[in-house]
Amino acid sequence: MSVRIDAAIAARGFDVSMSLAPGETVAVLGPNGAGKSTLLSVIAGLLRPDTGRGEVDGKVLFDLGPATNTWTAPHRRGTALLAQEPLLFPHLSALDNVAFGPRSAGVPRAAARETARHWLAEVEAVDLASRRPGELSGGQAQRVAVARALAADPEVLLLDEPMAALDIHAAPLLRRLLRRVLAGRRAVIVTHDVLDAYMLADRVIVLEEGRITEEGPVREVLQRPRSRFAAGLAGLNLVAGTVTAAGIRSPEGLEFAGQHDAPLVPGQAGVAAFPPSAVSVFLSEAHGSPRNSFRVRLTDLEPHGDQIRVRAGELAADITPAASADLGLAPGLEAYFVVKAAAVSIYPA
Amino acid sequence: MRHGYQGVPRWIYVLAAAGALFVLLPLAAIVAKVNWAEFLPLVTSESSLTALGLSLRTSAASTVLCIVLGVPLALVLARGQFRGQRLLRSFVLLPLVLPPVVGGIALLYTFGRQGLLGRSLELAGIQVAFSTTAVVLAQTFVALPFLVVSLEGALRSAGSRYEAVAATLGARPTTVLRRVTLPLVLPGLASGAVLSFARSLGEFGATLTFAGSLQGVTRTLPLEIYLQRETDADAAVALSLLLVAVAVAVVGLSYRRPGAAGGRGPGGAERATRDGAPEPAPERAAP
Amino acid sequence: AASTGQNAAASDSGKTLTVFAAASLKAPFTKLATTFEESHPGTKVALSFAGSSDLVTQISQGAPADVFASADTKNMAKLADAGLLDGAAATFATNVLAIAVPPANPASIASFADLARPGVRVVVCAGQVPCGTATAAVEKATGVTLKPVSEESSVTDVLGKVTSGEADAGIVYVTDVKAAGDKVKGIPFAEADKAINTYPIATVGSSKNKELAAAFTALVTGAEGNKVLSDAGFGTP
Amino acid sequence: MRHGYQGVPRWIYVLAAAGALFVLLPLAAIVAKVNWAEFLPLVTSESSLTALGLSLRTSAASTVLCIVLGVPLALVLARGQFRGQRLLRSFVLLPLVLPPVVGGIALLYTFGRQGLLGRSLELAGIQVAFSTTAVVLAQTFVALPFLVVSLEGALRSAGSRYEAVAATLGARPTTVLRRVTLPLVLPGLASGAVLSFARSLGEFGATLTFAGSLQGVTRTLPLEIYLQRETDADAAVALSLLLVAVAVAVVGLSYRRPGAAGGRGPGGAERATRDGAPEPAPERAAP
Amino acid sequence: MSVRIDAAIAARGFDVSMSLAPGETVAVLGPNGAGKSTLLSVIAGLLRPDTGRGEVDGKVLFDLGPATNTWTAPHRRGTALLAQEPLLFPHLSALDNVAFGPRSAGVPRAAARETARHWLAEVEAVDLASRRPGELSGGQAQRVAVARALAADPEVLLLDEPMAALDIHAAPLLRRLLRRVLAGRRAVIVTHDVLDAYMLADRVIVLEEGRITEEGPVREVLQRPRSRFAAGLAGLNLVAGTVTAAGIRSPEGLEFAGQHDAPLVPGQAGVAAFPPSAVSVFLSEAHGSPRNSFRVRLTDLEPHGDQIRVRAGELAADITPAASADLGLAPGLEAYFVVKAAAVSIYPA
């Protein structure tokens, strides 16, 4: 592994160990306060972990322990960080902000400005080149900040929610730009959007409460999520429980029948996952071919594309607006969620 | 457009007016007392002009020295983390509280012929005391704390977020200092420099004790005023108006464009926007 | 005005005579320095004025003085005791106290005893400075005890309080009254001769211009000096 | 954890050390000269203690007065927009450059018996000159600019974004001032107050000229030191160490917890986090 | 109209006039730098327009013109602004930040804290109550900022991208909370997400380059967008041109046949709108029942739900991954986009 990070910060309940293969991009997903920004700060050298060790291509970033106290300053790490806020230098124009990285690497002023203009063009912000950060809108500042991080041309690129504040035109633009830039480059990208993970990353890490709860190739994690958070990201309903002969029994006693491709050992921990689109809603218990049916109290209805997403606690069903109107669904109502066993995937947790 | 938010309560203006009067009335009282017929010859006399020239040169030199020594001190106090930081801060402030005459004696004990360093300097053929160099040293000694205190405050309130960003973009500490830290605290540095220049310009006690009072060599304008007072107090007061005028000019020049100009006429809109640029709009992101 | 930031003693070696004199001697000594420069072409006299005790501190710390003229014998004695003088000091002037009142004399002061009247705001020198010592001597001699509102550290400060009308009366030297012109009115009093202040002058031991220094001292103590000093109100020893 | 970014170039420490030495050596020279056998009786003599007590009381009073008058002035200069703002700033700084003795004369011309206001005050039965009040006024006059300058700098660099947010949440200007502006610039206000206190404590010339020098009423410690010097220069220097000690104590106390404590031992982690709270982590949002 | 705003700021090319009915919530949509935040700042009183007039319930907010110069200070406007950055008071705990509004309204400390705790609970941030803003993560700070704006209980609520930085669990939570809070309350909400507009707003305003380019009830604007920006938001392809007998002719000369419910006058300006899912992709021109077929150069392919979104300039088609693989689609390739006339809506612009 060309990058290896192992770090613990007691005050934030943070304890993560991760690695990055050459040319690999990893997406870090996780709820607010999970420690995503903390992880990037540790790699960039802005935060000193209590203990741990970090390495890039054999260069030690930090090695902090009872006996060791090695520390490489941020500017020697070859990392560039796009922080969660744009933090553009207020006294420099947008152009000079972007030229800052090349200039610091020793590129002469004119050449650095040329590079800066190139990256500004890539994020469609050339016409903002001479503006001061104080005269930019939120999304404009974010684009310039992205250009600044990219212009630094680092060995490891660290991006904290790069698509924040972007409009619906700029976000796909930037996503395409990043896909090009990140090809063959090591990067860690924090995001709340699975699309970013799908398009930009080779691997995802799910962080929860300062620990890694799931990790693997993007498709694998998002198609067979083991954590509720990853399931939420993938847009799947997830029920964790113990494996039974028939399927999965949740702690509340619900039984889920489903499909599995590996033999399951009853008694072991497992999960059942199924998409909301596979869930039908009935007002009374109806016995039919689907083997999974359970009573729920509706908590919420909201539009979801052309459909209505009906939520009942952690579970969701997608139905047509017409069906919703026919049934007279409303929050607070009792109803039955019904899922065909064929639509439920069961796998060990 | 102009920023709509002012936010200074009305009653604050009343107190501010009282404060301003407290400073302005005594100045007005001096001006009222000046015998203008005598003023011009007095101010343009050779001894006055020599003293003024010396004052300006030495104050400029000591301001430079204050910047050279004070900026690093402020940086170390604001950003560094080391044992004895608090103690160092207390000590650096001491020249403020030491009566200047005692400060002058302390300098004599250090750089004088019999002083701590003076003996070694003497051997090296350098004699500091009672020279123009001594004036500069005395002024630097009393003025240094001003620069350090105001700059340290500015550094602390600016925070180090932008410096951290610059470092992650690959900038070495020296580059960060030159291209981020100093430009960001420029207003603080400027007001610190103005304060030290003003303090140097007005410095009297330490200079008299450490450098003596020789016309053209060590007799700065405040010393000239002091001597003048021995014979004619009113003339001394008049002469000090010269000092005041110089100070107003220097301060006025260094605080050029201190904030958004509140243009009111037509076209004021564009002007306010351009001027307002360094200070971000209230609803804007950059601090 | 063309002088630069060089050490006065080092420049023009042998041709610059540095005279340290009490601040109250500024007017007569400036005049005498001009006279001296005229009679010694090529020689420049650099005058440094400050309080006598300031000057003593400076000289003991190695200030490049050739001549020292003190406003009292006590400060001269400090240098003599420290062995920093060349030969003995010569007395060149005397000075006595006088009462200074604002021109209008609002408290109608006519004698030293009037100063003790209740309600009269008197300002004197503090006991630590020569004029204060002299004042205390007069008080002792006359048996009048003053209740001053302030004990200043120099005559200039006493005079300042009187000229500004802040005090009804102050005790200063006659030379100060004279120098202040019509800003104050002087009221001489007979008991003043109970405390005569003498001004000594001497060559500084470390002087590199001892002959010039002696010549200057001679000028000051001679007839020419006497005249200039008595024009300024000083007495002859 | 500790913040990893320090960002002070190594060579800055060298210059800072030179700066620190420049201030510390003269202090050391004084300390070296003190005759400790004589020191204690001198310092505990009645006149010294009286003077010290007076100095502390008057300096405290003038610091309060500086805050009362200076905070509004700084607010108006930093936040207000009016004609003559730049001129007002220049004038407020003047007491810095005016030789203190001339400042004292100016105050006499204003509050003295024959002064601008003095006559009206006299009629009202208030007599300022030669009283402790005069000492406080003199100290306030020379110390006010310090508070105004450092607070204005702090206000400017803090910006008004939080004040604007507070206003949109319905807070009246006075509430904004009390709950947002002042807490945010507290470090600037504190260092301004310390500077004014220090300047008041060391004030000599203006006090002497305006208030006179009477034991227990107007003779503050610097005046006592000056007088002491007439008889025994070394004793005066020793006495000024008392002033230095007081100043170190005051400055040290007011700069309590100036930044993140750089605890190195075990358990330092938690401490650093708590202490670091007021200064945000480099990677964090709040400025 | 209970709220009327008319304001122009020359330096930002901003000139907007809008209104708000009692109890109405308006969503403001628009590209980065369009003037959305500017509009909120003007209403809140943080920015003084060059000219214009603003009124709430007959109270004049500002009236600036050649002859008039009325200005109501921000704290007297009865508006509360959630700015684009959280801007939590750094010296106050999260709880005291939220309690700031009630306290400023004169509520005693204990009661204000009670209210604050309630709102913190609503945004699921009670456990952060005693933290300083410097100790919060980006998303945590955003939640506290939302709670602070809501706790101020204003007459007009101004929200600038309230869902920014929120995780996939918090965003729907907040959306539900806002739906409850905004019911019957006047609010202006800036967002880049149509879901927010659908769920929270009665009406949308589309701002582009400082002007309003489209305005109307949410469904109407998003189902029949007239501007390319609104079409992008609605996920529709939009072609503007002139009405012909057959349908719409674009400026490039392409003809689109489609459906229309009102009679169209040939020669007038009109638009053709169709969803990407109605677009099929062929490698060669195939004549069949669909009447709209045109040659394009593919610019990009990206995952979109279960589908692949194939972009060609401004147009997009959604096809299955299998089809994409079969056809060997890649950026740069020439292909034909084919749409059934039945899927194209045509209406006047």
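Letters are used for the chains, namely A, B, C, D and E, taken in the order the chains are written, and counting of residues starts over at 1 for each.
The criterion applied here is as follows: a contact is a pair of C-beta atoms (placed from the backbone, for glycine too) under 8 Å apart; a residue touches a chain by one contact, two chains touch by 3 or more.
All values reported here derive from a predicted model rather than from experimental measurement.
J.: Return the chains shared as contacts by chain B and chain C, ordered by label.
T.: Neighbours common to chain B and chain C are D.
J.: Among the chains here, which has the CA centroid at the largest distance from chain A's centroid?
T.: Farthest by centroid: C.
J.: Using mean Cα positions as chain centres, tell me which chain lies farthest from chain E.
T.: Max centre-to-centre separation from chain E belongs to C.
J.: Determine the centre-to-centre distance between chain C and chain E, using the mean Cα coordinates as centres, and give it in whole Å.
T.: 86
J.: When the C-alpha atoms of chain C and chain D are each averaged to a single point, how far apart are the two points in Å?
T.: About 36 Å separates the centre of chain C from that of chain D.
J.: Distance between chain B and chain D based on Cα centroids, please, to the nearest Å.
T.: Distance between chain centres, rounded to whole Å: 15 Å.
J.: Just curious, how far off is chain D from chain A if you go by their C-alpha centres, in Å?
T.: 52
J.: For chain C, what residues touch not just one other chain but two or more?
T.: 57, 160
J.: Among the residues of chain E, pick out those that touch two or more other chains and give their numbers.
T.: In chain E, the residues touching two or more other chains are 37, 44-46, 73-74, 81, 83-85, 136, 138.
J.: When you check chain D against every other chain, which residues touch at least two of them?
T.: Residues 5-6, 105, 109, 161, 164, 167, 172-173, 176, 226, 229, 233, 273, 279-285, 287.
J.: In the complex formed with chain D, which residues of chain C make contact?
T.: The contact residues of chain C facing chain D are 51, 53, 56-57, 121, 123, 126, 128-129, 148-153, 157, 160-161, 164-166.
J.: Please give the residue numbers of chain B that touch chain A in the complex, ascending.
T.: Answer in residue numbers: 161-162, 164-173, 175-176, 179-180, 183-184, 186, 277-281, 284-287.
J.: In their shared complex, at which residues does chain D touch chain C?
T.: 105, 108-109, 112-114, 129-130, 208-209, 211-215, 218-219, 223, 226-231, 233
J.: Show me the residue ranges of chain A that touch chain B in the complex, using the header's touch definition.
T.: It is residues 44-46, 73-75, 77-81, 83, 85-92, 100-101, 103-105, 132-136, 138, 141, 148-149, 152, 154, 158 of chain A that touch chain B.
J.: For a test of understanding, state which residues of chain E touch chain A in their complex under the given definition.
T.: 30-34, 36-37, 84-85, 136-140, 142-143, 160-161, 164-172, 175-176, 192, 195, 198-199, 229, 232-233, 300, 302-304
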